[in-house]
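Have a look at this one.
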Amino acid sequence: MRASVKAIVMQGPYQLSLNEFPYPKILNNSALIKVELAGICGTDKHMYKGEIIHPRGIPANFPIIPGHEVVGVIENIGKEAKKEMGTLGETLNEGDRVVVIPALYCKKCFYCKNYYGISFCEHYQGHYGWGLTCKDPPHLFGGWSEYLYALPGSFLAKVPFEIPPEVAVLTEPFTVPYMVFNKAMHPYSLVKEGFSPGDSVVIQGSGPIGLAHLIFAKIIGAGQIIVIGRPKYRLEIAKKYGATSVINIDEVTDPQDRVEEVLKLTDKRGADIVIEATGYPEAVNEGLEMLRILGTYIIVGLYIDMGEIRLNPQRKIVSKWAHVIGIPGQTYQSYAAVLKIFKQYRKKIPFEEMITHVYKLEEAKEAMNKALSEECMKVVFKP
Amino acid sequence: MRASVKAIVMQGPYQLSLNEFPYPKILNNSALIKVELAGICGTDKHMYKGEIIHPRGIPANFPIIPGHEVVGVIENIGKEAKKEMGTLGETLNEGDRVVVIPALYCKKCFYCKNYYGISFCEHYQGHYGWGLTCKDPPHLFGGWSEYLYALPGSFLAKVPFEIPPEVAVLTEPFTVPYMVFNKAMHPYSLVKEGFSPGDSVVIQGSGPIGLAHLIFAKIIGAGQIIVIGRPKYRLEIAKKYGATSVINIDEVTDPQDRVEEVLKLTDKRGADIVIEATGYPEAVNEGLEMLRILGTYIIVGLYIDMGEIRLNPQRKIVSKWAHVIGIPGQTYQSYAAVLKIFKQYRKKIPFEEMITHVYKLEEAKEAMNKALSEECMKVVFKP
Amino acid sequence: MRASVKAIVMQGPYQLSLNEFPYPKILNNSALIKVELAGICGTDKHMYKGEIIHPRGIPANFPIIPGHEVVGVIENIGKEAKKEMGTLGETLNEGDRVVVIPALYCKKCFYCKNYYGISFCEHYQGHYGWGLTCKDPPHLFGGWSEYLYALPGSFLAKVPFEIPPEVAVLTEPFTVPYMVFNKAMHPYSLVKEGFSPGDSVVIQGSGPIGLAHLIFAKIIGAGQIIVIGRPKYRLEIAKKYGATSVINIDEVTDPQDRVEEVLKLTDKRGADIVIEATGYPEAVNEGLEMLRILGTYIIVGLYIDMGEIRLNPQRKIVSKWAHVIGIPGQTYQSYAAVLKIFKQYRKKIPFEEMITHVYKLEEAKEAMNKALSEECMKVVFKP
Amino acid sequence: MRASVKAIVMQGPYQLSLNEFPYPKILNNSALIKVELAGICGTDKHMYKGEIIHPRGIPANFPIIPGHEVVGVIENIGKEAKKEMGTLGETLNEGDRVVVIPALYCKKCFYCKNYYGISFCEHYQGHYGWGLTCKDPPHLFGGWSEYLYALPGSFLAKVPFEIPPEVAVLTEPFTVPYMVFNKAMHPYSLVKEGFSPGDSVVIQGSGPIGLAHLIFAKIIGAGQIIVIGRPKYRLEIAKKYGATSVINIDEVTDPQDRVEEVLKLTDKRGADIVIEATGYPEAVNEGLEMLRILGTYIIVGLYIDMGEIRLNPQRKIVSKWAHVIGIPGQTYQSYAAVLKIFKQYRKKIPFEEMITHVYKLEEAKEAMNKALSEECMKVVFKP
């Protein structure tokens, strides 16, 4: 164990120095992070220039170790902190790479209990990198340092192993557009319901309508996109257009197995959005099983009345707080909107390759048979 | 002028033939479209197989010329139709390439007046390709034909000249996911407010926060993305990450000129979404000028109190039905959400190249000066 | 027929006179309204004081007959206008009492086609009472007059016969809070989906949970509230708390008859919101039949799993664009919210009278039997 | 201290008995509630009849003390529990009347951290009254008992002193419609943004438009409604129509004092919704000061351009996460919607009394002077 820790200290506006602090001990509910990378943010520049009134009217609490964009590896973590600091409820351990969440929460006041993760804590303790002074032990309350000390009540976001530190260090600045565009989509919501960027989307059906939804999900920033359908011909096209997984119902013939496969792909919680694009009413039961709590299920393939199904509304809809929305068509305004999107994305996405077969008017029957065979995607006539 | 028109006729389930019809005359408020391409849709297949009850319980009205996914060129259009048929209020002319909107609207009934473009018309006339029989003149009410006759009350979506017919013919199937994902974003809205795919986004500010918004806008399917900032160094990075236009405030120094440039890029109507990411309060006035009616303005760069501005709330906010939203931070849950997006998109987007400079802790002043110079994007410390 | 019409003319700021104009002839697509009452609005006062720039930068077009808050009786209406001017698609006739909608719409431009009833018409003709001068014939373009001339393209809102002119004249000022609070509820929507004040609400179930929904619907400004349940004892309580109609399932035993009754009560279009509060899964099919197009169906009574039903998802959900939402519980924060509402409304609503029976702990069986009998509402123990 | 506690025990379906349990000791983070009233809920009846599968597939854990609708008085509460159990962040004490929230939360798992108060806890401990057996000490886990033992992690909603137990015991059943109608208004939100029933509304301006908003706020279930305006004549009318407080700007002349008064009336947090209905741009600054964090500010009175103001966008908008929405008009469809509301509410609300003065066309100047005097509400002409 090392004796001391180097950190940059901002004594006040335009004053920076490199100081040494003692290597700290952690408590049951705190943690020590070995910093890998720490960003310089606009706020740091404001602070350096002496423009130091933060939201809520809080001045910078000099001397400060700046740095609130921090990625590092947990070097030491207390027993309680292991269970409390992970934002997804996961247990954290030494060796985990994490992004430090700058704000501290008491979890007891009005705002912590009612404002769901926004940092308006009434027992304000500060933010790493600007709201906490390094005067007092254990000092290491900023990221421009070899180590950062995570106080009780901190949150750490575990970094997936695929993400290197150079990407993870950008997490904090990207949480800003994440909030901004979520707000632009759902102005009165901070909770993830409805579609948000990064969401997992299951598309039931691999025909042209299913494919159009896949391409659209891709365009709007979906995370995983799982296409369930048949035959292989169509699923290959789905992969080409960016499906992250496909499930062939000719191979995985038991609906329950398909549900299991989707759950396995979605942290056992189910997909955020499931879209029925099959035309078969039975798909509704299967799709609702694949949906997460508070998820959105949209039925769009059942344009034609194909009969009834047996459905348990309590288990499939109520007990999940599900949203089920039927969409049998479109507004006339949506045509111009789609043409604008084609214009923007046509160089990036080969929409026209969806057309796999072209026929003359004289070939009506051949065309129809090809369309019915499903060994095709979009079939068109060229008069 | 030709004497006859060839078209495929579905006489009933499993019955297809190629027939000839007379070349029709148009009226003041109708039009004739020379079909370029016409798709076969799942609905056509249902109809062919005799599964023929459409939404609203409407049976197929045999004999029918199928085809409601139609792109073609206007060969002849009546004087009134020129002004009425364009969905964007534009005047249509002979020679224009258009996509035919299948539903017909009386524009007088309860649903036409109150349901904004959804086809629940109480004086239902039918849809091209399935709801209108070809028994009666002028017969040509489907797309699997050399010509389609657009009745009074039809809408035609003009195709931008960049879009070839092979892409335009896919418009109708893509309007379905357009409705679906809009609904998933804004469940209680059919009108375009808030962010929707294809929207134009102006980002005021070209620093790391501005760039994060640009990348995010790209991920979620924005249409045009216009970045306004300085210096050239940063705007080049913005272009690399996909800005469709950049405006350099060192070159276009008059704010009114910048407003004009944005208006020019957005059909004179202004951008759908404008995001302030500058840190300068003066940007608010300029940004609001760039916003379209019913647009959304989000202030996110003003994290630090930089003082007052002069603002005309009537002209800038009220008279535009504007939404103005302030966002000074993020929830702790948003960190994990961003990491998931990084994981999904890291192969496609080189997030890490946003980091242009890396410093040691010993180089605090050099790092800070680089950050202040703006000849950089994200600057980080590597302890 | 009278020879002349008296009207107040504002020649310019601070200039008012009483003038005479010729009694006008109407066209096929125009109408003449005999004014009953016409309000003075803040805008009129601004105009009088010379503060005359309206939204969109439009100056008052003097000389003007002021008055855009107008109720009157149709004295004469053209054949086409009869079908075009009613906002609900109804046919208008001489003798109908109407409120005049001040804005004019060309119905052809971008805004008229895409902004759903907001008056941003690009071929702006003006508003009654300020945007149209009375210089030109037929002159009568304001409400401070014996007659108002409704130009082609005008909309007239028909006044229900229960509303006297003294209430109807207030329609225009009340459309403002109608927009405001709808916007506050659904910021990104101008179309009526989800709950809006005045909506019709059907509550399936007359037990305590059904009653709580009835009282809540009342508190939040529902229009009609139709309670469907049994026995008479409970439906009487429902009426006491403000149900506008009750349907006793012991009397109307055929579900289809109950559906018909609801449709009859809701202009044949179905209810805006239907809430399942019965605990019986079969209610779901019946409730969905009662729902209007784009309506919202919320399942809340199926807290306990009571099995499956047969359901046609195309006919019941998709073809209606229905929203179906399951709610099996509540957040912990909702308790304090309800207590605040109790505090506000307890003098107006006798919540405590929902408790019809109080038992001691020693009387557990009697209490349970009473609760099971349904000849009670809320039963409580007092230890 | 008493030796024993009586409670009703459900041993299994159709089995009820009255048992005695030892009076329990509490811990630092638990509490004991002396029950005043406890309801019988539909769930209790299901359990009694053996229909016992709750959401999430949880069977009733017999033997059980039923009762999850519980109001009582805190008899004993641990030191930590005092700070943790209140849902509004308030400190609880012996003698406080509280409603018991049935669900228990670990506060550490994925759902507790990400689903904001919905009880999907992954370390499920049970619900009072059905999910916790009374086999194990301290036994008292249901409300049909003299005492209920609140385990660590419980939440208690403090009852305002105005609410008697007979009303408070109904809290739980009313949280259901609270969720339902909030969901119907904001389908993708569990957090209180935008308008929700019970919200505090400030209306700046006491003219006819301000009054229309007051009446509308009343109709839609607002909580406190604070009207700020002048002169006394108008504020008296506001009180008659249900304003819960009025602030006379002729008396409270300093804007900062008015802000203080509003904050005092709204738990120091500011109003949920503030509506500008004055026509004076200066009101915008004052109104934004009165707004709570994440509140909605709607500008509707600035129909006419009355010039600029000085505004600090960071302090007034950004640092509060405020929504600011401009509304300069209404859709034509809103007229019929308002008339429907008039029809529904005309017997309850004397809308027509808003008209305080009626003039003939010959009296234009008198009418205008009266309107300008503000010693009136709505002034109308009767031709």
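Here are a few things to note about the model shown:
Letters A, B, C and D mark the chains as written, and numbering starts fresh at 1 in each.
Everything that follows uses one rule, which is that a contact is a pair of C-beta atoms (placed from the backbone, for glycine too) under 8 Å apart; a residue touches a chain by one contact, two chains touch by 3 or more.
Just so it is clear, the structure is predicted and the values come from calculations on it, not from any experiment.
The set of chains in contact with chain C as well as chain D comprises A, B.
With centres defined by CA atoms alone, the chain at the far end from chain A is C. Chain B and chain D, compared by their mean Cα positions, are separated by 39 Å. Between chain B and chain C the centroid-to-centroid distance comes to 31 Å (mean Cα coordinates, whole Å). One inter-chain figure worth recording: chain A and chain B are separated by 24 Å, centre to centre, where each centre is the mean of the chain's CA atoms. Residues of chain D found to touch two or more other chains are 55, 57, 87-88, 113-114, 116, 118, 186-188, 190, 192, 194, 300, 303-306, 314-315, 318-319, 321, 323, 325, 327-328, 333. Residues of chain B that touch chain D in their complex: 113-114, 187-188, 281, 284, 299-300, 302-315, 317-328, 333. Taken in their complex, chain D has these residues touching chain A: 55-57, 83-84, 87-90, 107-116, 118, 120, 122, 186-194, 269, 293-294, 314-315, 318-319, 321, 323.
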